[in-house]
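Structures incoming, each one as structure tokens.
There are two complexes below, and they share chain A, which is joined by chain B in the first and by chain C in the second.
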Partner chain A sequence: MVTATTKGLSRAHEIYADRGKRVRELRKAGKKIIGYICLYPPIEIITAMGMVPFRIFGDMSEPITVADKVSTTVVCPFLRSIIDLGIKGKFDFLDGAVGAHTCDIGMTTIIAWRDYIKDAPFTHLIDVPHTDHAPAVDYFEGQINFFKQHIEELAGEKLSGDKLKKACELHNKQRKLVRDLYDLRKSDPPRLNSMENLEVMVSLFSLPVEEGNELLEAVIREVKERSIKPAKKKARLLVWGPVFDNTSLYELVESTGADVVVDDTCVGTRAFWADVKAPYDLHALAQRYLVDIKCPRTYRDTQHQETERSYDKDLDSRFSYIKKAVTDWHVNGVVLQSVKYCDTHGYEVPNLRHYLDTLGIPSIYIEHDYSERSLAPIKTRVEAFVETLG
Partner chain B sequence: MENATPALFFAGIDIGSTMSKAVVVDAQGAMRGYVVGPTGAEHRRRANKVMEDVLLKVGITLDQVAYIISTGYGRVNVPFADKQVTELTCHARGVASLFPDVRTAIDIGGQDAKVLKIKSGRLTDFLTNDKCAAGTGRFLEVAAETLGLELNEMGQISLQSDTPVKINSLCTIFAQQEIISRLSEGQPLTDILAGVYIAVTTRVVKLARQLKVEPPVVFTGGVAKNSGMVKAMETVLGMPVLVPEEPLITGALGAAILARDEAFKLVQDGHYKIQKKQLSEAYIEFTEKKL
Partner chain C sequence: MSETATPSKTEKKRAINRLKSMYPLRNVVQQDYIDTLKASNEGKPTVWSMLNYWEGDLPLKAMGLNIVYPENYATLLAASGAAEPFLDASDSDGFPTHMCGYGRSTIGYSYRMMKENGGKIPPDAPLGGMAKPALLLGSGIICDARFKWFQSLARYFDAPEWCLEMPMMATYEGSEPDLEAYQVKFLVKELKDFIAFLEKLFKQKMDWAKLEELTDLAVKIHETTYKISELRQSIPGPMHATDFWSSMPPSLFFAGDMKVSLKCYQDMLAEVQERVNNKVSGINYPERYRLIFAELPPWHSLKFFDSLAEMGWNFVFESFGYHAPKPPDLSKYSDPCEKLARLSRNFMFNVFPEAKADNIQNPIVETYLKIARGFKADGFFMHPLISCRAASCSLRTVQHWEQEKLDVPSLWVEGDIIDKRVFNPQEVLARAEAFEQTMDHYRKVRKSRGLDW
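For the complex of A and B:
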């Protein structure tokens, strides 16, 4: 029997399987749908303009066949997948797309989108600096202001401070609810597995914020009513890395006899851990996105005012949030995953592994080419890693 | 039956990409026999065949084998195994049983290469080649084909060289072209062969250096049977390496020893009867398949 309380996870499963369904309906009813790439376009502005932000993901099960005409094969296969799907018309329900200089390829992706995707009605590139220094935050605020002006033209109206504040509060509420949901995975075994969790996260990137919040409330109710299954697994893992928008990696890891209890990816904690702070203006947005989101695309140079630099202190200032997650979720192993050719994450790996070594947390690094078939050969290595933890 | 004495043998089966191996150990963990054969396309049939052969060799029947662990690339295709364990864990256990002080194990198989860090007999860290055939047995097979030689004669020929040629390509196919151009330049075969071994070894040692190579180093896998490879490995590493008498079977040996440990643990925990039942079912399945 389907009751109000069982609707959460099954609804997330439906949305995960057909991400465009709900936004297509909303578009028919007159809403504008704005796609965005990576985590850096401030979605509060899109929501405040009465539009729906829709995160553009790739598709690991769809071979890249047409993107090679507009990008080379030695760049991020996730971003190539996005362009491939765009050219194939899979995002034809979008009224616009916003990209940001999250990395070099992130920037060229939105430019390729503008140039090669037929009928791309509105595209915008936000420049994003790569440190958290104070002048960088000011510069980023200016870039957010350009985006605001551009989207005001599209909407035919000005952004009001009240609407922006309300949008920030709605998105902050979503972030709080996601953190509540993650709390339910602290138990041993976790009340929610990583595949279910990812389906919920992907749903949140596919719905207006209010509907996402309703979904989260339903999921949290449902998960809280579950009784914890008695079977404990031998490892509690944290998965780190760039975008992972497909349940297949989590299925692979969990099939080796481990639970993935928390993540540090941009389809999980990275997207939801930081709130926008009062007074909810453009500067607060710049602060939230550039400084408070913990993605290796921004170098968190928290010691720039100190004269004495130390490698250990530097590592701690960059990665101590991972130490906290390891403690809070009782993690005993870390899986570092990356898509091939991701320089941003690749350069972070030796430092992060060294940091984890000093904490006594075993880790493994795996690379995949953002296709489901590339995951199978990785399985033995993850399995052996889990065996060393047992 | 329930109170019958537990069978006193344990088996490990390693279905590798090229070769399948089976090992039987006794309750003391001492090896009682082993077999090695090509894997081929049909993993399941091969698993049955190596198991049957090793039982014949030791002179026992399957119901005398208390516990079986399968490992290797084809470990899921061993229907009568009680448990599957990855080849990384099994190799570490097998190598440590032969060389208790081992700290680093380098295994080069038909299509993969792995480096294991071992401490007190336990696997602590590892790396595998995850990209291509460079630095694996396949590389040597391609070189042998190109030079028109048998794999087993290559090693001896290479030992006559003191000036190996440089082969720089990372890719097996490009390296093959490099071998051909060295031949056309008129370089002696002995130097080219020695160069091939240095090239394979360099790729694997690069992997090993990421984990820090600590002695004693044990070298295993089919490739370790080749005297040219062993010499090249010692040259590139700059330290002696130990090679087991039969370097192909360390994975299966480790699986067999882990099978013994696991069965003893089950007896201790009082689960042995359940395992015994599963074992007899597996036996029926196994004998049916045989016919």
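For the complex of A and C:
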């Protein structure tokens, strides 16, 4: 628990170092802990049922040793890491695991979980449509409804509209606080670095929403009171890409003489930028998750039903939120990072780089295999890139 | 184990006993590329489409539109040894190299066409190439590449795009009681929007009677190909996998005139039936082992199967994702969109009830267990691809459960559909010899467990 006197950042550091600690305590006290993979399971429903949503991450420092019997090596190493940890019993504090068809392998991960990971007896897979077409939003609402019914069975009670509304408000509050925290990185130099920021984000995915909100309030207080050192760096970078749940990449980038001031990743802004809107019902959840989260896994049909298509207009509709971030955080370079074998992000790379070129923002693309070992060779390239921005 | 057709003493024995009825079907596809290009030269639009398990093919055909399938064209690039400059072009335009080989080669094709050749077809494109698209039709079925790759093609063409939807679901949720009706409702809404869009784009009305006629033909084609698949369970296996791969496009995406294709498949059914009656094998060597190929073949090295046939390896079944399941009964539905939705959805969901009954989580595992039992498989040839997640990701679990539940072993050979640099036939042949002992061993184990093969 964060008190007025506890330093928020040191608490975040502790949680980051042992993500399961707090939920284990809560589980002992009778709470159900529901793990979820990626951003698409609507966590408001879990919170509303009095359970704790816990985002399942991999571990970049733990070699993958047993997942090979379940998955081929040519798939997302982040998800392979999750399977590996699961088989090794590292998620023994979970009562359930919820996956979604965020990507091909995201879906098969939860299927494999059922056969090979025995720790979370409750599992559920949510189908996520590929487009943001109106019928797809309705379809997704139906999927969320199946999930709701299934979790009601687990809880032994029905979900009331009031509880769902309250949970949506709590999560929206968290999103607002995260946006406030990110605002504190607009200054030059930023008031907190990207490693500290990531530790806070990872903590939020490891705590009940109320505790996460308290943590955020404490962190914001603490960061606001900091005096800014005038040590400006050469570059202010935005980091883009899929899940990155480990500070090592940010350490690497910042060690080259740059500040990472903002990101578009699913452990950062992508998870917190969109709110659930009133009336906080299942349709509003469907809208928030399928349409408002900006992840390349969804085919955002920016010129739906139009018989003339403009590539430039399409790019602008898809990526103008990045343009806004570039302006608001005074970014002068973008690092696109991805794990190997991530198709949804891989196809996006040349198009996003082209868009950034049109904005006059230099970019670099780096690929790694979600292991700390694979980051070292990238450093020279990042250094050379940052050098050009100086 | 079985009698085989005996070639005359003077002619060199061909390792694979090709079906005569395969050739006209193979020609259908080649002719389709040539006809589509000719039509484009006459000013008719060409649609580029991903495989969509029929929900997109049939409306396009009913409107008389010409379609090419870059996914299929990529196999021709690989098979004719022409893929490399196209892969290189994709790399040079910044696409990561680990992505779908089909995607990379046709992204490279588009790059070369639009950025290097002033909008003209690259001169080294086989079969005359693919004309510029008037519509890019992606799909959400089976893999992420199917819509992300087409979204990327907008980089070269200002053609409009559409992404067809299809639910994806695993065993448990795939058997929710209300699921079918609600999924069909979703698909029907999407199809209606899609058809309205086609009408607007091509300024012509949908011919609904034609759509119904083609859907009926589709069902007949699939009933026929399904019967062929069933007959292939015979011993010896009457049709080799390579014949299937050469003849599948008219049933997988209805290339060419569907009436002609139906007749060709009926001829194939008759020929396979005759082989079954006379115990004629799909290879010209005694069938020593019955193999299943999972999942997508090395298009660049199909000759390699000759060497395995000479060893008595008969590939009796293959690539479940290319096979249409037994079609559903559509006679009770009157809305053509609903018929289409149900036909297409059936591909994704036909195996769920059985998977659930078998307590199997992954429907692909269930499918391959059924196949191994039905075809009395001695072994699996697992071919995980460096560039395709969808067709590779479940192979380890398939391997595990085949071994665990049926004592059917697998030979694990990493390779690729397009990139031949990652495939070493000599090494695989050496491993294949050793694998025969494994298959012999598990034959005994299965017998001792009371399994009948």
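Note that in this section the second predicted complex is superposed on the first by the 381 of 390 C-alpha atoms of A that agree within 3 Å, B and C clash if a C-alpha of one lies under 4 Å from a C-alpha of the other, contacts with A are read in each partner's own complex, and residues count from 1 in each chain.
The working rule: a contact is a pair of C-beta atoms (placed from the backbone, for glycine too) under 8 Å apart; a residue touches a chain by one contact, two chains touch by 3 or more.
Keep in mind the model is a prediction, meaning the values are calculated, not measured.
Contacts of A:Y347 after superposition on the shared chain: chain C is touched, whereas chain B is not.
By the document's definition of touching, of the two partners only chain C reaches A:I110; chain B does not. Of the two partner chains, chain B is the only one that A:E387 touches; chain C does not reach it.
In the superposition on chain A, A:Q287 makes contact with neither chain B nor chain C.
When the shared chain is aligned, chain B comes close enough to touch A:I378, but chain C does not.
Look at A:N197: by the touch rule set out above, it reaches neither chain B nor chain C. After overlaying the two complexes on the shared chain, residue contacts for A:T247 are found with neither chain B nor chain C. In the three-chain superposition model, chain A touches both chain B and chain C at residues 367.
Only residues 93-96, 98-100, 103, 138, 140, 143-145, 147-149, 151-152, 154-155, 158-161, 163, 165, 167-173, 176, 179, 182-183, 186, 189-190, 193, 196-197, 200-201, 361-362, 384-387, 389-390, 392-397, 400 of chain C touch chain A when the two sit together in their complex. The touching residues of chain A, when paired with chain B in their complex, are 362, 366-367, 377-378, 380-381, 383-384, 387-388. For chain A in complex with chain C, the residues that touch the partner chain are 68-72, 74-76, 101, 103-105, 107-108, 110-112, 114-115, 123-127, 129-131, 133, 135-136, 138-139, 142, 146, 296-297, 299, 301, 303, 305-311, 314, 338, 340-341, 343-344, 346-351, 353-354, 365, 367.
Chain B meets chain A in the complex at residues 73, 85-89, 122-126, 128, 130.
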